[in-house]
Amino acid sequence: MPWTTVQVEKLENFLFKDNSESDRVISYKDAIFETIDESLARDSSVFVFGEGVDDPGGVFGTTKGLHEKYGRERVFDTPISENSLTGIAAGAAMAGLKPIFVHSRMDFLLLSLDQLVNHASKWSYMFGGKVKVPLVIRTVSARGWGSGAQHSQCIQGMLMNVPGLKIAVPATPYDAKGLLVSSIMDNNPVLFVEHRWLYKTMGNVPESLYSIPFGKGVIRRTGSDITIVAVSYMVIEALKAAEKLQAENISAEVIDLRTIKPIDEDIIFESLAKTGKLLITDTGCKSGGAASEISALVCEKAFHLLKKPIIRVCCADVPTPASDVLEKAYYPDSEKIYTQVINLLKS
Amino acid sequence: MLENEKLIGLYKTMQTIRKVERKIEEEYKYDEMKTPIHLSIGQEAIAAGVCLHLRKDDYIFGTHRSHAQYIAKGGDLKKMIAEMYLRKTGCSLGRGGSMHLIDPEVGILGSTAIVGGNIPLGTGTALASKLQNNDKVTVIFFGDGAVDEGTFHESLNFALLKKLPVIYICENNHWAINSHQSQRHSGESIYRWADGYGIPSYQIDGNDVLKVSEYAENAVSRCRNGEGPTFIECITYRWKGHIGTVNDVGIGFRPQSEYDYWISKDPIKWYADYLKATGVLNDKMDESIDEEIDQLIDDAFTFAKNSPKPLPEELMDFVFAD
Amino acid sequence: MPWTTVQVEKLENFLFKDNSESDRVISYKDAIFETIDESLARDSSVFVFGEGVDDPGGVFGTTKGLHEKYGRERVFDTPISENSLTGIAAGAAMAGLKPIFVHSRMDFLLLSLDQLVNHASKWSYMFGGKVKVPLVIRTVSARGWGSGAQHSQCIQGMLMNVPGLKIAVPATPYDAKGLLVSSIMDNNPVLFVEHRWLYKTMGNVPESLYSIPFGKGVIRRTGSDITIVAVSYMVIEALKAAEKLQAENISAEVIDLRTIKPIDEDIIFESLAKTGKLLITDTGCKSGGAASEISALVCEKAFHLLKKPIIRVCCADVPTPASDVLEKAYYPDSEKIYTQVINLLKS
Amino acid sequence: MLENEKLIGLYKTMQTIRKVERKIEEEYKYDEMKTPIHLSIGQEAIAAGVCLHLRKDDYIFGTHRSHAQYIAKGGDLKKMIAEMYLRKTGCSLGRGGSMHLIDPEVGILGSTAIVGGNIPLGTGTALASKLQNNDKVTVIFFGDGAVDEGTFHESLNFALLKKLPVIYICENNHWAINSHQSQRHSGESIYRWADGYGIPSYQIDGNDVLKVSEYAENAVSRCRNGEGPTFIECITYRWKGHIGTVNDVGIGFRPQSEYDYWISKDPIKWYADYLKATGVLNDKMDESIDEEIDQLIDDAFTFAKNSPKPLPEELMDFVFAD
């Protein structure tokens, strides 16, 4: 069993009530699983591959048994060759297929940036739109249990610097399904960022396939004193912080961007028009991360709405330590968000 | 043995490549082609011999040095030259330049300026052929420098594992810019590396278009029969310097003696003599072929020079496909 | 001859008058060359390698002939294997050597991020400081003459997200030498970012070896109306813009950060205390780039000094087009800086 | 043939590895070691047989599965166990965890959790040995999964090109997590790949510590004599599951029959019987060796459990070396 399971099993279940009609409640993991399952059934050009997709574990349950259902031609394990497999996926996409390539850890994405950045993301532009590269790269970020510096990175922020790439960061089961559907339907390379700590999260998910547009964020909690923009797993920590802040009579609005490339600017600006204050929280390292880009965007286009400094609550600029004590100091969480908000409002 | 028509076809292809390259070389000094160029003069036999056996719907992927393959596979010449001039009518609409030639109509899905970068891509289209149950073949052209990259290893292992319909054509001209093969490999037989995986691998005279054609034909039929990948190392030489129109011969560069030896192995001269000696070609035919090609080239350059350039406001187009 | 030379030869010579005693004026290229030459002479643990270092061209002249002077053991050409060579350099560094690994284009760095990010930059931390990795990665960014999407990238911004890595971005001959000396002496991986368009730039450079500390920027031109923070080659464009602005009686202060990891925050804040306005210009793509991090930093720590939005003048979020017309539209230059400043002050 | 002292030494090393792993396995359930573990039970003969011929100042690089090599090379056991408990006294001061073991005192410069990542690093220390004109040898241990990566190809080509004093030890246990070699390679002979470059390459029984020792000894002397790299594929098997303390045997996992076969090939049991049959070892010696090792292990675990954890305010330490 993957060690992060040890950690994840310790987490309590977090329930999202989405604005979806469905009253069926399933987990983030199951939402991804059924989306892949249904996509394979629906579209014969879709195939899924990566290290361990046919593993009894099935990439933490998201591909479990699918090789038996759809055959090893469309659901297959691979050699450990991230860079070439990314290029192979891109090539297959150019030939009309819709590959879903899975990394069980986002850290492994770093081996494949030549093919992802130099090739897949540039191909449409370099050739004047003559070829499409409909490619989905799934990555799962881990956290905790001494995962350490090489098995816990969240580098989605780095990749916001890559033109031609789209980046989805779903935080709820509903979004996981809707955004994965959009990613598979999209005719461009999409980085689909999952977080291991979201896998147990529960939420309403319609059975039928539906899609969520890129670049449309959602307000997870309305508030009037401060805007908290959260990315990926940090949405949960932000909501917990907002709850604590309520006790202090501080009303925090929590925005889940859903995709960070493109970014829904309006939803942030509209919220700022109310609150005038902004805290951004991301799962990656602070410097040069997603929070930095969001902050710069706001400071360039909505400066007039800002009453206070923009605060970033992210991982420290340190390789992830293995020690549980240091992990606690390293990772952003609801307490840190809470404290920062209190300080900001006091300032 | 190939029938005369095909023999002549090979000759026309090689001559077209040579003449187009010479024309580019001649025009480059005017600084109107504001893009790097990598000429394939001296290596014409490889692209010609391989592409002879490909169908229109087969795929090829090239590198920074892809003029020859683009022409041999039947890419639109007008659009190629227009791309050199970075015009809106170019095959890549002026976005790519000489290192990024494409013509999906004839299976040319692009070329990369990142050494070794096209090896996985072509392996990927071959995977698609398998999953789509069609018999399309993919050919990947790359140099002796590209095999230094990890993508070479990773892709070949995968291609053999899945028995993919892909042909790896290594154009070994012994040089990667000014780096001789001996500064990058301890041996001289790249095909042995591929052989180590268990892929049928060969090292042949890349300046003998008939040899290239013979080995390519077998490789293609292996692909069509689902027998998996083939690796062919074609020994050859580029006459011009790595980039632009210089020669890179002399002290610090490539030795004059080496250069002279290879000029004497001119693949086109040898083949023309052979065709004439065997009565397949005569001077009169040769002349008309010449004229035919010159006409094509004139038309292409006229088309290119008279084409409009992209407009500044079009900068953001094509970043994403709809 | 490398095609960018065609372009670079067209550029006029730009002269920097540095605050150095020396009245010897040499080019950026020669400054790098002599630093490597003198470092090889001074320290037997230094060695230089990469594709083409022994080429007659010698990586645009920066390593020319050094293999003859110091032997091919210490100055050598390599196979085209960026990722492994980066790891090989890191391993040699762990064994006590001081490798300088050269990429003739920054784009090729993308092939090596596994070794640079997952390994070299994390090694000191992961092992509690037990091993040092004194490694210098030189990269040269190209621009123009249809270099295209794969031969012109400036991804230093992306790498600001990498803990354990230092990044130098010298703009003048004086800094090129002083920062390269510091980089070689540093006991950590350093990304040394050069720009092809700076190679002909002239400036005062002392003959002796000297070092410039990381994290200390310099004011290239003093002004009182607006602060322009420029990275790498953009320093020249910023100075040209400042000159034009002067004609409009707008006094621009131009700051050259010299290193973007670490960043000299104080020099920016002090300038802002005067001007209250900030424009940041970088050679890379705008989103998720160096300018974004600098902006976020200011907005977090010096918001009270800001009177106007922070403007970023960078490359468009597009893969580099080959067309000369599109290149003009794509690249940041003095005109774009000028226009943005005028608009900002009008707003 | 090795003298008795060394034969016993090998035995002690293997037993120490086995017993340390068993103890870790036993203690892991208490969730006090908050870090992933990858046990090397069943593969002890490889680290033992190779490291027997290394000097203190020779280098080794391991992977996520490095307990065996750390112990065999003479790494400090107390510090290793303390690292498992993520204590300040750990070999990596609690920053690394079980996948990042280091002891520069004895040439262990670290291990990586990125598959294939240590191959270039070890090739780099070997380059250093050459440039520094010393005769230090580097040994890189990696699995059958690591050879899938491009770093394998790139590094071996470079090592041969420069004739570096490096030994590549591939511990082929046929599995990469739950991915069998047959799902990643078309053949079963990884050593053929290395052979393709021209590197002396061998495939041997990795559970026969004497065979391993014999081939390692030759490889080491080739390195010391400046004859360049050697590749040795050691066929072996991991008894436990890929990670943690489970077994990964049964439906969907590794077949019971395969597991049983390999248990019967227990490298330690075979070697103990051999030593006893040849009179080198007897039950009395065996017992005292047992006690000796148990004592070491008790001390290490006591030390670890009583050691302090790092403090939150130390988070930023070591990001940069001074």
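Letters A, B, C and D name the chains as they come in the text, with residue numbers starting at 1 for each one.
Definition applied: a contact is a pair of C-beta atoms (placed from the backbone, for glycine too) under 8 Å apart; a residue touches a chain by one contact, two chains touch by 3 or more.
The structure presented is a predicted model; accordingly, all values stated were derived computationally and were not measured.
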Co-neighbours of subunit C and subunit B - touch as defined: A, D
Most widely separated chain from subunit A, with each centre as the mean of CA atoms: B
Whole-Å gap separating subunit A and subunit D, where each centre is the average of the chain's CA atoms: 36
Centre-of-Cα separation between subunit C and subunit A, whole angstrom: 31
Rounded Å distance between subunit C and subunit D, as computed from the means of their C-alpha atoms: 41
Euclidean distance of C-alpha centroids - subunit B vs subunit D, Å: 46
Residue list for subunit B, restricted to those that touch at least two other chains: 92, 94-96, 100, 112, 114, 117, 148-151, 154, 157, 161, 184-185, 319
Where subunit C touches two or more other chains, by residue: 78-79, 81, 83-84, 107, 111, 114, 118, 125-126, 148-150, 163-164, 316-319, 321
Arrangement of touching chains [line / ring / star / complete / other]: complete
Residues of subunit D that touch subunit C when the two form their complex: 59, 61, 90-96, 100, 102, 104, 109-110, 112, 114, 117, 119-132, 136, 150-151, 154-155, 157-158, 161, 317-322
Interfacial residue positions of subunit A with respect to subunit D in the complex: 1-3, 6, 51-52, 54-57, 76-84, 107-108, 111, 145-151, 316-319, 321-326, 328-330
Subunit C partner contacts - residues on subunit B that touch it in the complex: 31, 34-36, 86, 92, 94-100, 112-117, 145-146, 148-150, 176-179, 183-185, 243-244, 246, 251-253, 309-316, 319
In the complex, subunit B residues that touch subunit D: 148-154, 157, 160-161, 184-187, 192-198
Sites on subunit C touched by subunit A in the complex: 83, 107, 110-111, 113-114, 117-118, 121-122, 125-126, 148-150, 155, 157-164, 261, 284-285, 287-293, 295-301, 303-304, 306, 308-312, 316-319, 321
